[in-house]
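Scroll down for the structure; my scribbles are underneath it.
Read from first to last, the chains carry the letters A, B, C and D; within each, the first residue is number 1.
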Amino acid sequence: MSQSINVTVWNEYRHEKTNEKVAEVYPQGMHTAIAEGLETTGKITLATLDEAEHGLTEQVLNDTDVLIWWGHMAHGDVQDEIVERVHDRVLKGMGLIVLHSGHFSKIFKKLMGTGCDLKWREANEKERIWVVNPGHPIVDGIGEYIELPQEEMYGEHFDIPQPDELVLVSWFEGGEVFRSGCCFTRGMGKIFYFRPGHETYPTYYNPQVRKVISNAVKWAAPVKRDYPAYGNAQPLEVIKEKN
Amino acid sequence: MSQSINVTVWNEYRHEKTNEKVAEVYPQGMHTAIAEGLETTGKITLATLDEAEHGLTEQVLNDTDVLIWWGHMAHGDVQDEIVERVHDRVLKGMGLIVLHSGHFSKIFKKLMGTGCDLKWREANEKERIWVVNPGHPIVDGIGEYIELPQEEMYGEHFDIPQPDELVLVSWFEGGEVFRSGCCFTRGMGKIFYFRPGHETYPTYYNPQVRKVISNAVKWAAPVKRDYPAYGNAQPLEVIKEKN
Amino acid sequence: MSQSINVTVWNEYRHEKTNEKVAEVYPQGMHTAIAEGLETTGKITLATLDEAEHGLTEQVLNDTDVLIWWGHMAHGDVQDEIVERVHDRVLKGMGLIVLHSGHFSKIFKKLMGTGCDLKWREANEKERIWVVNPGHPIVDGIGEYIELPQEEMYGEHFDIPQPDELVLVSWFEGGEVFRSGCCFTRGMGKIFYFRPGHETYPTYYNPQVRKVISNAVKWAAPVKRDYPAYGNAQPLEVIKEKN
Amino acid sequence: MSQSINVTVWNEYRHEKTNEKVAEVYPQGMHTAIAEGLETTGKITLATLDEAEHGLTEQVLNDTDVLIWWGHMAHGDVQDEIVERVHDRVLKGMGLIVLHSGHFSKIFKKLMGTGCDLKWREANEKERIWVVNPGHPIVDGIGEYIELPQEEMYGEHFDIPQPDELVLVSWFEGGEVFRSGCCFTRGMGKIFYFRPGHETYPTYYNPQVRKVISNAVKWAAPVKRDYPAYGNAQPLEVIKEKN
């Protein structure tokens, strides 16, 4: 990745402290494993729920080009004020990558405008994530599919707006399908939802999963231009008098 | 329109009581003029801000197939509880047609997830609304464009998600363009944003504007099927034991 | 279906004459079975490859609101002149429903502009077709999924443009997924691609499959408005002299 | 632009030889002016209609990451075989930027599947190209709009499929609007249609127009991954015997 993109990896970081199995898989927390997989030459910042302002101060967010979000059991503990702050930054151009159970985070629901609900099942089943948009930059270097031997199942209907671009669709052993890689633009911000990553599986060590996340960071990086001017506007052409 | 669709027309209904010019154009209120133009054979209900529960009780909404929304000066007076109620009904299938300044209503912003801001100007300028999707049911019976001799200008950038289908684009005398007819689906509900209709102009008496609204009602009518089942799901296929 | 829509069901009608198994499943041809399942009160016309002009004369097409297309082994035998004729009618508003192996028909490839290739396998495997757009009129009356006990597999990547609306996604027993219900608009014509229907299985007797096709007919019916005017255009506003 | 992208600029190059006014504006041909504006550090190749194989040999195309196309008066002189070659390369990942009157080129029509017709007028009128997708990489560094003092008018309806992403919309002095910046993906190839550039105006010297084209080159550059495998596929999972 030739661009220097500043990435902040946000993790709820609660499962790792209370669940032995998760702590074993991610001893330094899921955020650390996700951060290790990033290819960017920019600054990488780690932020977690239990820090002051959840680690997402104005300064941190203003310095962030792309924010990665993993949350699950404590969506309700994220303060509304911080959600507003992130929302505002996304509309102004910050990229956002929402992982797995982040589908039910306040920020994702606020940006989507829908319920964001889905079917789920924890049964150690096989997932095969198929590429349906083979020219998309988010699947650069990715094979026809990514196979994960064990994952939590997420199934349709997934209550999101139709993605602007659908890149990946999952097959699950138990019989379901899921739109697993979904691109959205909201305001000036680009958003990528990426399904895999239940806390009890080593999914974020998978090189293909890491490659997708790195590609998504690159895709979601902000453009350099002014935020649009809104409100009362002077005419650019002469308007005829009417009577 | 052969289908029997129950439509509720919601109007803020404040300008008409305080502004003589508006009262002259819409002596019975904008909602009455909008309702007169509807072609449906179903029940038409009128509802306004200053009624109890803004006229949008559970019963009224449950009986509504498509809700039309006009608001402008008092978006903040709409109770959050009623906004939640409408939002929930849209996700469950009720159609929603948002008119003109309704772009800044709580319900539209909540469904879009973006700021919904735009440029505007009140200068009695000409608007020409061009059809860019000529096979769409919302422009059934409509000419190449609709010309309005005087309207308020709305200009890009319009801060909405990319519409699922873009049907109409406006040209303004003062030099701007605007995406004026935009289709969205959120949950099971279909949403149509239609730009024209500033309160000081007789726009809702225009037969082509009325035709677009009637077509949109038909397009947005709910399908008859169960709301999706979400949450924990039993497998449909046998999942292999792994170790 | 309250509208009176004229439907022409086109079938290659070769397998049924040469393959005993197919003849047993569809003794009157697949077109007859498809036609039986339609709910329209309009005129239904049957047309097949070996008729003069493939049964698709100017008159037949001009009288057709929606054309259903099933072809497989003899795509190359369809005359280019007839393909042009159908293409022209679609751009002018005729709906087109392309079934199963019709993905490789000349008319579908011409309308899509891509290769339209895919993976396939004949292995009597289970298909489960999931609804991913639950408010779409094409899934009116349809459950969460349609299960077909035995079908041919079609797998991604399916080389089509991103559909304007994606409605159905298939899960296959052998491990693949497929975008099975895809909506497109081309010119004034609406096109629906629907995956199931290999000739050796009784798929077109399935009530849910028939319901989807009937819904698609309704969705694809033409609007009533003039074909757009193209070419040299007079100005609608005065253009300033420049020097 | 930090990436090294090989760009081939193709120009019909006939107007410049026969029309004095055009020769004055573009003494080295439009392709040379377009090439001068490119920011890429990769190889730039010029190719024109009257060269052997129109300058688009297998070798040239195989070495091309992004092809830029300007044609107008001689679309019919482009050999079908070369069109097939370009088409094949686009599906396999080569980017394609189609400029102005290239809307009616064989390659664009083949990729779109529609008529690609539009309204037009040569009246030296002002064009204002508005950004409607402000976070898109193609408008990186671009202001709210690009103003061109004199251009040919193109007006809606523009007979193309709905773009995957709509980035720019033009306002014209004479009263029309036009979707001027349209993104499509076909196979693995990304396509950008960009409206301005009539041969009698110095449009391709405009820094903002050049910036859009340079951004589009970057956006349309191919990903590095294998072309999908199509055809008969072995099952990835065990399929149950049925009877």
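To be clear about the criterion, a contact is a pair of C-beta atoms (placed from the backbone, for glycine too) under 8 Å apart; a residue touches a chain by one contact, two chains touch by 3 or more.
For reference, the UniProt names are A, B, C, D = ThuA domain-containing protein.
The model shown is predicted, which means the values in this text are computed figures rather than measured ones.
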Neighbouring chains shared between chain A and chain B, ordered by label: C, D
Identity of the chain that, by mean CA position, is farthest from chain C: A
Inter-centroid spacing, chain D versus chain A (mean Cα positions, whole Å): 32
Chain A and chain C: spacing of chain centres that average the CA atoms, whole Å: 36
Contacts with 2+ other chains: residues of chain D: 128, 131, 133-134, 144, 155, 157, 162, 164-165, 173, 175-176, 185, 187, 228-229, 236-237
In the complex with chain D, residue positions of chain C that touch it: 91, 110-115, 117-121, 123-126, 149-150, 153, 155, 157, 159, 161-162, 164, 173-176, 184-187, 228-237, 239-240, 242
Chain A to chain D touching residues, read off their complex: 2-3, 93, 128, 131, 133-137, 139-144, 164-165, 173, 185, 187-190, 222-229, 236-237
Chain A-facing residues of chain C, complex: 128, 130-134, 144, 155-158, 162, 165-166, 169-172, 175-177, 179
